[in-house]
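The two complexes that follow have subunit A in common; it is paired with subunit B in the first and with subunit C in the second.
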Partner chain A sequence: MTIYQPQITWYMSASHRVTGGILAAVFYGGAIAYAIQGPLGLGLNSDALVAEIATLPTSLKLIGKFSLAFPFVYHSFNGVRHLIWDTGNALTLKGVYTTGYTVLGLSTISTLGLCLI
Partner chain B sequence: MSFGMLSFSRGFVFRRGFHLSPFASGFTFHRGFRNASPNNNGAEYIKGSVNEAVVLPPRDKVAGSYHWDFERLLSVTLIPLTIASVVKGGAHPITDLCLGVILPFHCHIGFDAMITDYFPHRRNPVLNRSFSWGLRAVTLIVLYGCYEFNTNDVGLTELVKKVWHA
Partner chain C sequence: MSLLALSKNSSFFRVSRHVLEITTCNTRFLTTTPSQKAQTVASASAGSNANKDPLVKTFSIYRWNPDKPAEKPHLQQYQVDLNACGPMVLDALIKIKNEQDATLTFRRSCREGICGSCAMNISGTNTLACLAKIDRDASNTKLYPLPHMYVVKDLVPDLTHFYKQYKSIEPFLKKETKPKAGEREHYQSIADRKKLDGLYECILCACCSTSCPSYWWNSDEYLGPAVLLQAYRWMIDSRDDYAKQRREALQNPFSVYRCHTIMNCTKTCPKGLNPGRAIAMIKKEMALE
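This part shows the complex of A and B:
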């Protein structure tokens, strides 16, 4: 697999799966931790989490926002691209590359916007 | 007499063959087709001889194209849901309810696709089955966790908003 020529097609496809996996792992981890905290006495709630995050330096907060925003935005836009393919459109080489670059561009802009909020 | 015994023993060794390589016993690093049944060769639809008509697998309401439709339906509904939660930017119980149900299902289908891709049933039957059932159990816990969080705490959208502006 490492000898396959890097192309936007399979790089974006792999990234779609990786971002989805990371986001789902974080979501699942948080939900499970909250669900089973009773007998474990973890004391997880949103106020404690917000208080913890407020104590972090701004740089760490920015890194955290970026590492959450970019996978989410990329996965969402690429998901829309997949749904466009499912309707039968943009299934040409040109279509794949055009939509691919559009997704990448939109993801970068949106991540920048989300990090600056 | 000793000369005769020597020649007999040497001939015995040559007839058995003398292999030093561990690969001679069939050891391979790659599991490959080890688990595939040698009788069916994956041709699970052929019952009896090859001259009989193919018996297709029974139709399944849950798998196949219905599964595909359901998966796309979930993905499509997530688009307005996400936009609504971002634009409204605050606690909204109905959005949280929908997100708390649709997101776990969406993640479950994604994880299930990864399991079928990397641990196919034909190659890793035990891992495939244990991961599949483990995933179902975990998704149930996540559904319960989302319900608890939406009920007893601020809710999913409000959590994201608070964390983002912390």
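This part shows the complex of A and C:
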């Protein structure tokens, strides 16, 4: 694994798995934390959370938004790419690279968009 | 007839040869003077060599000796003058073995990209050494055996399991009924024969399977792109009657479904085939059953 040439093929596939893991951790973690907050006294309601985050410096807010937005967007667009592959389309080298670059481009633009709102 | 040296390639004699052919129509001129021809060829190549400065590049080659198993595998560096060497990586390997280190071990046979013996990892990608042009701009070329394979020696991988997997998909024609007496051919339309294009040309070099991360992690159960390409080749052969059974044999979580469409296989195939697509077609057919 350490000697194999970095290529879009397997790097994007690895990223798909990693972002999937991150999203799973965030969603499961968030849901479980919300479910068991009673005895733990976490106070995870929308008002408290909004108030907390509003006090953070802008840089931290941007980092937070980016680290949530990019995995979500990348995994979603690459997921669509996988679904296209399941129909049997874009399975040539050209198709793989074209759709790959499209996904990377769309992910970057969408992340920027989501970070700025 | 006077014994003129009629070297076919020599332009000096071309005019006189035509004249002689007209005048001696009953006899056939067939004189070969190999020594003279060899001289001209040798001087031509020596001449072109003398004009170029030696272009010395480094080859870092993976070495491991099973006779000394305690010694760790390591990269050994060799210097090769590319201007005194053929253009392909295999030429450099043979040159090193002939001139520098006779213990360097690698598989090779046809030197033209059809036997699949010289498959190895060259500068990070799996290809055939006889088809991989030496990168004249890179200062160093790294040669490793095929990734995640047991190494027999130096660049020679152990392909026993790979061949066993190939055998397991029954890569031969299977008919329901025996042929009738007198019937010799299995007829196939041109359209059906076209379906096999891009599948039958596989030379089983194992470049694709050993480029697949899924095959790295699950080579014991996952069949890998090369074997699955051949499985598909037999599945869609119109002359074969056992397509359904072939698909049923793959209905388990590992044989086919470890493929996650990483597509390293198609990228690396030295023959330009598309195993990734073949596997996707297998999945489609299995899903629609």
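Here, the second predicted complex is superposed on the first by the 117 of 117 C-alpha atoms of A that agree within 3 Å, B and C clash if a C-alpha of one lies under 4 Å from a C-alpha of the other, contacts with A are read in each partner's own complex, and residues count from 1 in each chain.
Note that contacts are C-beta pairs under 8 Å (C-beta built on N, C-alpha and C of every residue); 3 or more make two chains touch, one makes a residue touch a chain.
All figures in this text were calculated on a predicted structure; none of them were measured in a lab.
Annotation: superposed three-chain arrangement on subunit A; subunit B versus subunit C shows no clash, the two fitting side by side. Partner contacting the larger number of subunit A residues, of subunit B and subunit C: B. Judged by the touch definition given at the top, the superposed model places A:D86 against both subunit B and subunit C.
Contact with subunit C, but none with subunit B, is seen for A:V96 once the two complexes are overlaid on the shared chain.
Legend: residue contacts after superposition of the two complexes on their common chain; A:Q7 is shown touching subunit C, with no touch to subunit B. The superposed arrangement places subunit B and subunit C with a least CA-CA distance of 6 Å.
In the three-chain superposition model, subunit A touches both subunit B and subunit C at residues 82, 86. In the complex of the two chains, the subunit A residues touching subunit C come out as 1, 3-7, 9-10, 13-14, 82, 85-86, 88, 91-93, 96.
Interface of subunit C with subunit A (complex): residues 121, 123-125, 142, 144, 147-148, 211, 213, 216, 260-264, 266-267, 274, 276-277, 280-281, 283-284. For subunit B in complex with subunit A, the residues that touch the partner chain are 72, 75-76, 78-79, 82, 103-104, 107, 110-111, 114, 138, 141-142, 144-146, 148-149, 153-154, 158-159, 162-166. Within the complex formed with subunit B, the residues of subunit A that make contact are 17, 20-21, 23-24, 27-28, 30-36, 45-46, 49-50, 53-54, 61, 65, 76, 79-80, 82-83, 86, 114, 117.
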